[in-house]
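What follows is a short report on a single structure.
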Amino acid sequence: MIETVGTWIAAFLTLCILSFLYKDNPFYKFAEHLFVGISAAYWAVYEYFNVLRPNLIQPLFGEGQFLFIIPLVLGIMMLTRLLARVGWVSRWPLAFIVGTYAGYNLIAYLQSNAVEQVRATLVPFIQVESWQTFFGNPGAITFLTAIAVPVVVVGVITGIIYFFFSKEHTGIFGRSARIGIWFLMIAFGASFGYTVMARISLLIGRVYFLLHDWLHVI
Amino acid sequence: MLLILVMVLTQGPIELAPPTDITAEDRPNDAGGNVVISWTKSADDGAGSDAVQEYLIFRAAQDEEFQQIGRTRKGGEEFVDATTQDGVEYRYLIKASDGTVHSEPGMSEVVVSSAQWFHAGRISMLVATLVISILILWFIRKAKRGEKLFIRRIAGLEAVDDAVGRATEMGKPIMYIPGILDMDDIQTIASMIILGRVARKAASYETPILVPCTRSIVMSAAQETVKEAYVDAGRPDAYDADKIRYLTDDQFGYAAGVDGLMLREKPGAIFYLGAFYAESLILAETGHSVGAIQIAGTAQPSQLPFFVTACDYTLIGEEFFAASAYLSREPLLLGSLKGQDWGKAIFIIILIIGILLVSFGFETIISLLSTGQ
Amino acid sequence: MKKQIPIIITFIAGMVMILQYFIPHRPFSDIQQLFNTWYVIIAVFAMILGLGNLLKIHAIRLQRRPKGWWYSIVLLLGFAVMFIAGMGWGIERGSLFDFLFWNTHLPMSSTMFALLAFFVASASYRAFRARTSEATLLLVSAILVMVGRVPLGNYIWDKLPLLGDWIMSYPNMAGQRAIMIGIALGVVSTSLRIILGIERTYLGGK
Amino acid sequence: MNIVERLEAIDRRIIFVLILLAVVLPLLFPIGFKIIVSEPVQGFYDAIEELAPGSVVLISSEYDPATMPEVYPMNQALTRHCFARDLRIIGMGLWPQGIPLNQASMEQAAEEYGKEYGVDYINLGYKVGGIVVISAAAENIPTTFPQDYAGRPIEEFEIMEGIKNFDNVDLIVSLSAGDPGTRQWVMIAQGRYGKKVASGVTAVSAPAFYPYLNSGQLEGLIGGMKGAAEYETLIEESGLGTQGMDAQSIAHGVIIFFIILANVFYIIGKRRKK
């Protein structure tokens, strides 16, 4: 019984949100605000059960590890932001968060997204075997595989040149920046295609729910 | 069936071949207390009688007795002992076992665990970090000393000032959406810089500026930034903290909330500057339908296609960071932008030389750049 | 005092994280682990701050009663029910909280996203124009990838899926890699400015 | 207003109806297009196949109901694949909404393969902090996750014996729909600790991770519902992914038709203006 009640509630709320497509209406506003309230509570409850209790309350009050008073105090200082007068105190914990994160980011982005990427692009320009297979049986796919590495090398170098800000895009420099933007646009086209795919899948998921779980039609 | 049963029972205890060439070394580049023990599988593991089910690992300090400290499954050839004391000499002993019968033990050499002061595998990262940091700091010093640093024109940014101007002409408010990530994300911080500039322009034009936020810290930082902008523009009284509001941490609660705000306030110009995810299209589509001039900027490659197609101007990835430098002409930002440009120049040179070397068979550059674990 | 101490805190927190990457030795690894645990706790209080702000705003709306104020009741009620259910009877599978998650939070959140399919469809028809040569290239590449990724494409020309995969693995990969390297350098410079206290915007005014 | 202008200014709600039909009809009347497996998904599948029985897989769920139709089928197929190969699963998440979804998948697969909570799989729940949580767990899992998702101390569970840090984890799978997610796992778990990382992501974020695939930082990558359908064909279990493929194909056709049609009008309009 509970199952069907749940499914009917879910179906009602699904239709409330879908009603936004017709026009912004009270049903949509009702669901929108209900959603904002429930999701805020969801985050709060999980933050308590999965973070505050096991990582602060248990060690500090349960096991008496008094070192945990420092993050507790910093945390409470963060809450002072709600009171305008004493708000500046919250800058201390904010500084700790932003500092720690910047420390991680500086190394992580440089290592995984820059140095490692340059290293992975250092591949012999002419792939002898793939050219041989191309000449062996010429065809669209074998040709594409053969030119893959040159395409990547040219794409990465000209792509970086497009993001070069110290030189106006004129002459040979300007032409390579133009080739660079083409590679960027192909990358954006691919992202665009994948994103459209994602959106359709999400609609399929909801329609499947309505047809299968609610109406039991499929 | 009976015959096989008899055959098994009459056989003596199965003889298990021991694991061979056991080596134990201090784990490199760690904070000490770790020894890595490795061996080759026993002949009866995966081959021969294939009876081996697990390996038992024993340890003995200087002249103490051997005690079991761990075991690995069938096919395992490595074990990390994370409980050693630095400076103490240990010896390890491995036995293959099928649950009841143990093989002869294989013995390792003496090993002492120690901590290293420098991670040998990360030299290339140290060089890269130092070079790029020095470049950036050096150019910042040059910029602070007022030296003229050239930056090419960024079309999207000229549109920022036009958009604020045209929104004012239409007598409509401006909406600034600083992305949905927290203050600890670099894009949100860069967005705050541009918000400061946009707010200063809005204050001088007396155009209201709405900043819906999805993170509390962003809301506070935005309130501070806009308040400072209003003070700089000589209009401290016009600053209204409630226009800079926290909606919800939930991505879609926020998108729905901002859509509602757009439909109600009908802003003339909307800025999407910061980190965006799937909600970018909901916002850009509704902003488009409200007839606002839309300028976007983010470093999220997956969202850029939508901004490119639905907005009037889009700052593509890194241009977004350059925007804060270009807009504010601030020495810090100009200097670091030039430093980054030099970084890019170095990467391009490494790529060109590297690929030439590699094409002619000199592979050393690849190991040089490795950022080993 | 208001600005100096935060700058020092940021410097210490940032440098510990960087030095620990290069120096695995005793003090640095322990300090990093300590800062990690502190970070998680302080970030939770930032969450509570945001929550406090949301409830404060909607509580004010109940007093001032601007147009559509009763929606704030819906929001606060939704919050209260979910919060009490969670704190009162736990969040395990089968609890009231779990039931509310699966039957209210989930459908609303996923339908919100499903709306996007409609918006993409209408945007594809009404907004995505090949204004410039770049936008044309973007749309052509998008169509090739979309057709290649779906079984339908296979029926049109059996090589199409391979062409779609090639575009993803090489030209797209090259473009994404160039963007990535550019962004990485941007992140390094911004992080460096924050750690060294050159960058203070996030701390706000006086 | 001639035919071109009238078609261009069509009411968006008509388009909504067309897209809805493009999705509903194939669901009601399945066509059953064949699904071909692409390389990135094969890489993901092989990463699991290589693991010896009893190995530990860490599944981190960083997705939410909004991206469920794409990532949830992967989660279900992955948990079934792991239990089918007698692998042990440690669940965790960097997004709070991902925890119950991961738990539901593990429980469903556990029923099918007779696995027990706390012995064959566990769910350590959510932690705020993204990249910081990964770094903390890499060094010490018990101090970062002292309790499981429902608040029970992890010492009570047999699976956690001998699990101290990432040395005891054989493969990390990030089911991610954004940040914090796969990028942070690659940066820390693969970049600093050399762990094998594979990931199932929404189609939106898949293209941006191809550089990680090309450089070997990612073992495999499942992108979107299509990727889920491919993975399901590999483990011979038709799930939500496969069922959606027909509707996906038809809807793609409709969208492409819209783009082409609209741009034809656009070009006609521009030429007429000249």
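A few notes on this one:
Order as written gives the chain letters A, B, C and D; numbering starts at 1 within each chain.
Convention: contacts are C-beta pairs under 8 Å (C-beta built on N, C-alpha and C of every residue); 3 or more make two chains touch, one makes a residue touch a chain.
For clarity, every value in this text was computed on a predicted model and none was experimentally measured.
Remark: the per-chain Cα centre closest to the mean position of all protein Cα atoms belongs to A.
Looking at which of B-D and A-C shares more C-beta pairs in contact, the answer is the pair A-C.
Chain B and chain D have Cα centroids lying 19 Å from one another.
One simple way to say how far apart two chains are is to compare their mean CA positions; for chain A and chain C this gives 5 Å. The distance from the centre of chain B to the centre of chain C, each centre being the mean of the chain's C-alpha atoms, comes to 13 Å.
Looking at chain B, one finds that residues 125, 129, 132, 183, 185-186, 189, 216-217, 220, 247-250, 252-253, 256, 278, 281, 301-302, 305-306, 308-309, 316-318, 322, 337, 344, 347, 371 touch two or more other chains. Touching of two or more other chains is recorded for residues 16, 19-20, 23, 64, 66-69, 97, 127-128, 132, 135, 144, 149-151, 191-192, 202, 204, 207-208, 211, 214, 226, 248, 251-252, 255 of chain D. Each of the following residues of chain C touches two or more other chains: 18, 21, 29, 36-37, 39-40, 43-44, 46-47, 49, 51-54, 90-91, 101-102, 105-110, 112-113, 115-120, 122, 124, 128-129, 135, 138-139, 142-143, 146, 149-150, 168-169, 172-173, 176-177, 179-183, 185, 187-188, 190-192, 194, 202-204. Those residues of chain D that touch chain A in the shared complex are 13, 16, 19-20, 23-24, 27-28, 66-70, 96-97, 99, 125-128, 131-132, 135, 144-147, 149-151, 183-184, 186-188, 190-192, 202-204, 206-208, 211-212, 214-217, 223-226, 240, 243-244, 247-248, 251-252, 255.
Of all residues in chain A, those touching chain C in their complex are 2, 6-7, 9-11, 13-14, 16-18, 20-21, 29-49, 51-52, 55-56, 67-68, 70-72, 74-76, 78-79, 81-82, 88, 90-107, 109-110, 113-114, 117-118, 121, 140-141, 144-145, 148, 151-156, 158-160, 162-163, 180-197, 199-200, 202-203, 205-207, 209. Interface residues of chain B facing chain A in the complex, by the touch rule stated above, are 124-125, 128-129, 132, 150-154, 183-186, 189, 216-217, 220, 247-250, 252-253, 256-257, 260, 263, 278, 281, 301-302, 304-306, 308-309, 316-319, 322, 337-338, 341, 344-345, 347-348, 350-352, 354-359, 365-366, 369-371. Chain A meets chain D in the complex at residues 21-22, 42-43, 46-47, 49-51, 53-55, 58-59, 100-101, 104-105, 108-109, 111-113, 116-117, 119-120, 152, 187, 190-191, 194-198, 200-208, 211, 217-218. Within the complex formed with chain B, the residues of chain C that make contact are 18, 21-26, 28-30, 46-47, 49-54, 57, 108-109, 112-113, 115-116, 119-120, 122-123, 127-129, 135, 138, 142, 176, 179-183, 185-194, 196, 198-199, 201-205.
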